[in-house]
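Before anything else, here is the set of structures, which you'll find just below.
You will see two complexes here that share subunit A, one where it goes with subunit B and one where it goes with subunit C.
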Partner chain A sequence: MKKDVFVALSLLTAFLFISYAVTVRDVLGIAENPLRPLGEFYLSHAFAHEGLTSHSPEVVTAIVWNYRGFDTLFETFVFFLAIMGALSVLRLTREQGMEVRALEAREPHRHMDTITRTTTKLVVVMIVSISASIALHGHLTPGGGFQAGSAMAVATLLLFAAFSKFTLERQGLTLRHTISAYALGLAIILATVIAPVLLYGGKVLEIDLLPGETGLFNLDVGEYTAVTFGFLTVFLALGVPEWIFKLVLRREVK
Partner chain B sequence: MIELHLIILAIVVSFGFVFSYLAMKERDLLKALALSSVQSTFFALGFYILAAPDIVLAYLAIAVGAYTALVILAINKTERYEVGE
Partner chain C sequence: MIAAFLIFYITITLFAMVFLGIYGVATRSNLIKKIIMLNVMGDAINMLFILIGYRLVYPVFPPIYERHITFGEFLRRAVDPVPQALVLTAVVIGMAMNILLTTYAIQFYRLHGTVDARDMAEIMGGERE
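And now, the complex of A and B:
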């Protein structure tokens, strides 16, 4: 225990010393050169009336989806691969899925008490409205599709915790629906990326190809849908109780 | 020379550092997860002081919400206490 404290304190001292040297004494020379030419280009062009502009006062979103659009597109594909990997590891056949649903329906109906449920309802409404404002204003104020989508997924997780997963599944939030909505989000992104190339010519994700700020707005909305329902897909797939999953899989082995 | 926001940043990130150390040493995985989300909250404050609101929005939702839920689901499928040595 004494050794642990010693290790922690020495690491903390080293960290404070390094941060003091970098920020206050400026040993790396970061403060002398505050804005590099590339940064200056982004700041002067992101919200201009001519040239390579993306009509967005939010420079971060402009960089994420326009100037560095390919990075974000491939990030979306990586997220897609992660979700497909999780789904294929936790896959069930049609009969097994029906069996799991029958077993889950027999589980005792559990949810939290009235105070928690009412508070959760209020908080969820607030989180959903905030996430919508983050996504739909993503090209004007800080935020964007990914941030809003993860906030929305958290709101649904609160519902999972307070009302149980089975209640939500009975209300219609099933794996099939979340996967369909996820595909819809990806379709919006792909349409925004490919449609202007077919319509106007030019390159994929070329800057200033779509009129005004529609490009950034569409991409934010697509990413919002994709991230929300992508996370929900994983949570629903992982949320099957372990004993039911084992029971079904053991039957497969026999 | 020393500005106030840098001092606040140092304090906040040091707290995050301490909590990440506690999370590593904790044997009860659920407690470790709670400590880790406290650490993420401190780091999110640090990002806010560094004027990166986009990162704050993503980081809070992912590190406190989605990551915690995924790890709770994973712990649910194994055991709660870390055994070893």
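And now, the complex of A and C:
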């Protein structure tokens, strides 16, 4: 208890100090809100020079996939590592997987009432179309692959809640398929990144060499697929009913 | 003047949220509460970045070129794109980290029946604080 008070007091002191620095001294420089030189450089160079254009009137996408393309590429790998970490914790051996499937087949198929299901169907169609438009117009309007993938993951979560996981699995959305789709998304990204080297003799991620907006469009679509199915994979793995997983796992511990 | 005051006000609130998050992560022993406070902290930091990139001009534009705007006008009105590009990836990576942490917490609960950090220390052979 005494430690809690100590932590709270020291954080409060730090907070007061930072408040003083931000308001009176204006260390963040937000009072006048000038455009910083770096931001001005990106705004004025992203689409201006014909030879050096990033093919994207949206400056954020130009930064994300063109100026700082390697940053985003490695962010994709960080995402990959997080998904793989989650999956490796939730992994099952072949016998355990078969046991889980046998137990799941005997589970009753519960879903919510008609009103919830109909509303979910309507909302899911809207979310999917919105996310597709965010992803495919990512280089023209606000948005891109990351945001579209997150929106799409929300749509699948809604489906999980209103219908059950088993309904989706009966329709063919199994773990094997989602992992394959995730790999496809990553393959699209890697192919687009390598394409300038193989086709035009440029450097890795030099997507200006590809004709028109192909590079940005491919990267956005690849990121959209990767993020959507990466999340969906973990949701499916987490969606195994609690008691089945416990039953299978506790045996392993003993 | 009022706008600048509002910006300061929001900034201080966000800093308060950051410190509240640190306090929660440091003092709560329930893992789920720790994850929630981590999220509060992360979202406050992301919003702080967006706020730093915002500009106090009246018709403020998103950083997207349009044909009917002249270039000088665009530079005068557009917000800073750099913090937005930073936050864009940070949000998704935050969500992925979230999934990883939640998965670990759920798996630990399934195996040992607790998400309390003190119990976890005991189970792992350490000393209960």
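Details
Everything below uses one rule, namely that the second predicted complex is superposed on the first by the 213 of 254 C-alpha atoms of A that agree within 3 Å, B and C clash if a C-alpha of one lies under 4 Å from a C-alpha of the other, contacts with A are read in each partner's own complex, and residues count from 1 in each chain.
Note that in this section a contact is a pair of C-beta atoms (placed from the backbone, for glycine too) under 8 Å apart; a residue touches a chain by one contact, two chains touch by 3 or more.
Computed from a prediction, not measured in an experiment: that's the story for all the values here.
Of the two partners, subunit B and subunit C, it is C that touches more residues of subunit A.
Residue contacts after overlaying the shared chain place A:D4 against subunit B and subunit C alike.
After overlaying the two complexes on the shared chain, residue contacts for A:E242 are found with subunit B and with subunit C alike.
In the superposition on chain A, A:S150 makes contact with both subunit B and subunit C. By the touch criterion defined above, A:V125 reaches neither subunit B nor subunit C. In the superposed pair of complexes, A:I134 makes contact with subunit B only, with no contact to subunit C.
Contacts of A:L35 after superposition on the shared chain: subunit C is touched, whereas subunit B is not.
Touch criterion not met for A:L190: it reaches neither subunit B nor subunit C. Residue contacts after overlaying the shared chain place A:F15 against subunit B and subunit C alike. Residues common to the contacts of subunit A with subunit B and with subunit C across the two structures: 4, 8, 11-12, 15, 19, 23, 60, 142, 144, 146-147, 150, 231, 234, 238, 242. Per the touch definition, subunit A reaches subunit C in the complex via residues 3-4, 7-8, 11-12, 14-15, 18-19, 22-23, 28, 30-36, 38-40, 42-44, 46-48, 57-60, 63-64, 68, 71-72, 75, 78-79, 82-83, 85-86, 89-90, 140-142, 144, 146-147, 149-150, 227, 230-231, 234, 238, 242, 245-246, 249-250, 253. Touching subunit B in their complex are the following residues of subunit A: 4, 8, 11-12, 15-16, 19-20, 23-24, 60-61, 134, 142-144, 146-148, 150-151, 153-154, 157, 160, 231, 234-235, 238-239, 242. Listing the residues of subunit B that touch subunit A in their complex gives 1-2, 6, 10, 13-14, 17-18, 21, 25, 53-54, 57-58, 61-62, 64-66, 69-70, 73-74, 76-77. Residue ranges of subunit C in contact with subunit A, taken from their complex: 4, 7-8, 11-12, 15-16, 19, 22-23, 26-27, 51-57, 62-66, 71, 74-75, 78, 80-82, 84-85, 88-89, 91-93, 95-97, 99-100, 103-104, 106-107, 110-111.
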